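Paired with chain B in one complex and with chain C in the other, chain A is shared by the two complexes that follow.
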Partner chain A sequence: MTDVPEVIRIEGVTKRFGAVTAVDDVTLAIREGEFFGLLGPSGCGKTTLLRMLAGFEQPDAGRLLLDGRDLAGVKPYRRPVNMMFQSYALFPHMTVERNVAYGLRMEGVRKREALARAHEALELVQLQGLAKRRPAQLSGGQKQRVALARALVKRPRVLLLDEPLSALDRQIRSEMQLELKRIQHTVGVTFVVVTHDQEEAITMADRIAVLDRGRVVQLGDPETLYEAPASPFVARFLGESNLFSGTLEFRGDEAFLVDREARWRVDAQAAARSGIAPGRKALAVVRPERMAMVRDPGPGAPTNLVSGIVAEIVYLGAARKVVVDLPDGSSLQVRLESRADASFAPGEAVVVGWAPEDAALVADEDDGAAPQ
Partner chain B sequence: MRSRGGELSLGALFVGTLAFLYLPIAVLVGLSFNESGLPTAWGGFSTRWYGELVRDEEIKDAALATLVVALGATTLSVLLGTPLAFGLDRLRSRTLDGLVFVPMIIPDIVYAIAFLSAFNLVFTQKLGQQLGLWSVVLAHATFGIAFVAIVVATRLAHFDHSTVEASLDLGASELRTFLEVTLPQIAPGVIAGALIVFTLSVDEFVIAFFTAGIEVTLPIKIYSMVRFGVTPVVNALAAVVLGVSIVLVLAAMRLRGREEAA
Partner chain C sequence: MRRGRVGSAALVSPALLWWAGLLVLPVGLVLAYSFFERGVYGGVVYDWTLDNYRRAWDPLYLGVLGFSVRVALESTVVSLLIGFPVALFIATRPARWRTVLLVLVILPFWTSLLIRTYAWIVILNDEGIANRALRELGLVEGSVRLLYNEFAIVVGMVSTYLPLMILPIYAALERLGPELVEAAADLGANAWKRLWTVLVPLTLPGIAAGCIFVFVPSLGNFIIPDLLGGGRRQMVGTLVQSQFLEARDWPFGATLAVSLIAMLLALVLMQAWLGKRSSREEAVTRAV
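Let's turn to the complex of A and B:
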């Protein structure tokens, strides 16, 4: 993968709005032909980063390179980059085909050819029949497709997508996630998508940069981010997780997170790899589906056990989500496949466990900070 | 259930109010078609007075002067009021909105005196320039700019500014974007504003009377004609002005209605 050429290189880019630092010293490389996700909560700087790539904002520090060329001072209309706007930003006074052909017309392509290519682009997004309509006569999903066709018709080096699916209903949204992926494969253009929806990012992106308060906190493929989050923030932001905290200690071949009330055994090799120094506070991140729940821990029970009371069982179709309250007032989430034992009931005393190899270890962000 | 008597008296009130509103206009229009030319006796239907109107050179000159003033004031108002609307939309300040709004409600007579003083001070005394149609144009543009700015700003409030960015992103320069994307979207507002200014300018009397110098616009001409009693020609002239105004206002309303629907 690493020998794939880069299209975009973001070098130490910082952007401030007054006293707020929206993007803080971000360095990223986006590869040719990949589907790249910028994921983070609102206000994390992901949209600002996208707008800098499009040319609507200028970085206060750092450089943006496209195919090795510095983009500083290059006007939006001179960048081989197109953007799909969150609000779609279709031109209300033009028909669908004129909207899509607009970018080509501005390039000086003759009207006939521009319209022919617009129709091809509309075919790509499966909207052939609606070429003569006005945007006001389209549904949300159709507008989204027109916006996509309009941004793709010029075959940009990079397509920027700002929260492309946020305005759609849930059902169309999951359909469009796969559709976007299909279209990206068909055209082979590099996609950079901004989203706050972790599921959307995981489904669509080849690689994801997770942003928090203007900084990249982790960069990786979806599986790495999910299975081996680099920080509690990433663990919490991507999917649900249970966190077990303690001070990291090594005893012989074994490693533990030691707390006042508990001692969690963790994978010693993983602990060594994590780079967390012994004596520092760390968190074991365990996904709900990796948790086991039993009434009586028998010989086959996982290493780390904790007892609690079933507080709530949510039926999700394919699975059940069980919330277990612990004596210290916190709670855990356990995900049970539908075929698993369904006889648990709220109020029941249970034992919840996890195995050391099912936990990801991260340094505790609160380490050294005043207790909150 | 309302009583039958109540319904009847409500209906009577409605008809009475309508009569109050439109009776004078109806009388005017009726008399303009009166062959006899006397307000007291109906001499049969005739377009005679309209014929005399068309043949009256002085009235035609005044009408031409009014047309020049209205077109000038409208052009100036659009050229200055439209950018002003963009500024108001960007700054979003109630104080500035108010400053632009005030000229629309300052009494005409106050404006008239203010213009006379200011024009005399600046142009007549300092530059030796006599007042004329151009000073009426400037005066009418003053309130016209406010009307255009307010109407266009309303339009801009519903304008999706991301379409401008989309256009830039798709390869159009700033100028091209303004012509292809911004202007077509705000055009109904600009045209509606222009029609309002044109209508107001055509029948504006007080300010024109004070600032026209020796020039004569249509309202000034009508005023001078009725000083010695209303002639049938004046009735016909007033009916024509009424007709033109109604057409312009209806056109402006239609455009504004479309703007709100958009």
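Let's turn to the complex of A and C:
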């Protein structure tokens, strides 16, 4: 993978607004042609990072490199980077085709050629018929496509997308996720997308940087982030998870998380790989779909068991989400395939279990950045 | 239903009284006077006539009107050239600074027009601050005539009515927000192109309002041309004033006043019609 050239290199970039550090010593490399996601809760600094790439904000420290060239002092209108704004920012006084042709006209492309290329871009986003309309005459989804065409028509080195789907209805949103991927594949431009929606990031991005309070807490492909989160924050932010805590102990070739009341067996090799020192507190992260739920633990039951009472069953169509209350007041989430085990009822006593190999181990320190 | 209508009539009656007493009545009186004759020793003779309006077409008075329109136009253009950048500067400051700057813009409005106008006499006279500064800089020898001419009148008008240009443009820029300008920059437009392709077209209603707010009072003002123009060149405002107070020809003064009001009203109605048409177009396109 390292032979893929980098387009953007972010080196130790920090940005402060007054007393608030929006972006805190971030270092990242974005590769040629990839769909890169910046994921995090609101206020984590992802939009500020994007705006620095576009040139609307200047870093207080660190460097931004595009194709090896330092972007410091390069005005937004001189950067070969285009942005799709969250609100689309279409010019209300121009028709769709003139909106799309705008960037080319500013480059000095002649009107006829600019319009021809604008029409090509509109074809790419499947809006050929609406060239003469004004933005006010378009639906949300159509506006989004115009904004995309306008940002792509100049063939930027990198396309920046700020929460591209947040203003759309749920149904159009999942459609557009795949559409954006198709378009990115067609044009081959590097996409950097900012989103707070983990599902969106997982669906679209090749690689994701998870940000928390201005820092990158984990960088990886969606599967790695989901299956092997590097911190409790990432585990909680990406999908739902059950956390089991304890002090890490090795006994022979077995490993355990030991708590006052419980002892969880974990995968010894994974524990060794995690780099968590014995005697330190750690968390086992188990996704709801990896949990098993039975009435009586038989011989085939998983290693780690805990009993509780079914509090709630939510029917999701393809699956059921079961909330199980534990005696200590906490609760667990179990995801059951719809066809299996449909007979549980709220109030019923059950035993919930998980296997050591289905847990990801993370250090139980929710502050600071985890090693990348 | 009926009671509601009576109730709302009662609610608006103070405003109606205000409007009737301070606008309709005086303007109606002026309109009425304009159709009467002047008595031999001043005063008004209540005989209907159109002579006043015929007299208003005299080249002498048309010349005064032409000069007034020219000064008002110059004042408007200069105010726009200063006001737009100032409004843009304020609108692009952080929110906490904007209020302070806006108060600074409005502040001169709270001092008397007379005092401000006299201040310009102090600044612009042959031995005033402006001339001394020019001499110090070695730009002129002796002194330049800055006072009692068209230049001084325009300076006075601009300094008086500039806030009326800045405020509507500022409001339009504020409503526009930074995003479209950023989008233009992102797509390769430098500052100059952003100004002409995004900022100006999208704040045109504010610009038009500002221009009217400056043009209308500049055309009718009589204090500034009197004090800063040295009374050499008449403007419509000073002419009306002198007809009433010096020539004691109230009917003809009223005629000139009515003509001025009619002209300005036509201008304002035209702007309102244009504004309505563009907003209706927008509403139509929204509905589609």
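What we mean here is this: the second predicted complex is superposed on the first by the 365 of 372 C-alpha atoms of A that agree within 3 Å, B and C clash if a C-alpha of one lies under 4 Å from a C-alpha of the other, contacts with A are read in each partner's own complex, and residues count from 1 in each chain.
What we mean here is this: contacts are C-beta pairs under 8 Å (C-beta built on N, C-alpha and C of every residue); 3 or more make two chains touch, one makes a residue touch a chain.
This is a predicted model, so every value here is computed, not measured.
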> Clash or fit: what happens to chain B and chain C when chain A is overlaid?
Replying inline: clash
> After superposition on the shared chain, which partner residues are touched by A:Q137: those of chain B (first), chain C (second), both, or neither?
Replying inline: second
>> Looking at A:V194, would you say it contacts chain B, chain C, both, or neither? Reply first, second, both or neither.
In response: neither
> Is A:A255 contacted by the first partner chain B, the second partner chain C, both or neither?
Replying inline: neither
>> Once chain A of both complexes is superposed, is A:R150 in touch with chain B (first), chain C (second), both, or neither?
In response: both
> In the superposed arrangement, does A:L336 touch chain B (first), chain C (second), both or neither?
Replying inline: neither
> Following superposition on the C-alpha atoms of chain A, which segment of chain C from the set 6-14, 42-50 or 132-140 overlaps chain B?
Replying inline: 42-50
>> By the touch definition above, which chain A residues appear in both interfaces, chain B in one complex and chain C in the other?
In response: 54-56, 75-77, 81-83, 85, 87, 89-93, 102-103, 106-107, 150-151, 154
>> List the residues on chain C that touch chain A in their complex, please.
In response: 179-180, 182-190, 193, 197-198, 201-202, 282, 285-286, 288
>> Which residues of chain B touch chain A once you look at their complex with the stated criterion?
In response: 160, 162-163, 165-173, 176, 180-181, 184-185, 262
> Hey, which residues of chain A end up touching chain C in the complex?
Replying inline: 54-56, 75-78, 81-83, 85, 87, 89-93, 102-103, 106-107, 134, 136-137, 150-151, 154
> Can you name the residues of chain A that touch chain B in the complex?
Replying inline: 54-56, 75-77, 81-83, 85-87, 89-93, 102-103, 106-107, 150-151, 154
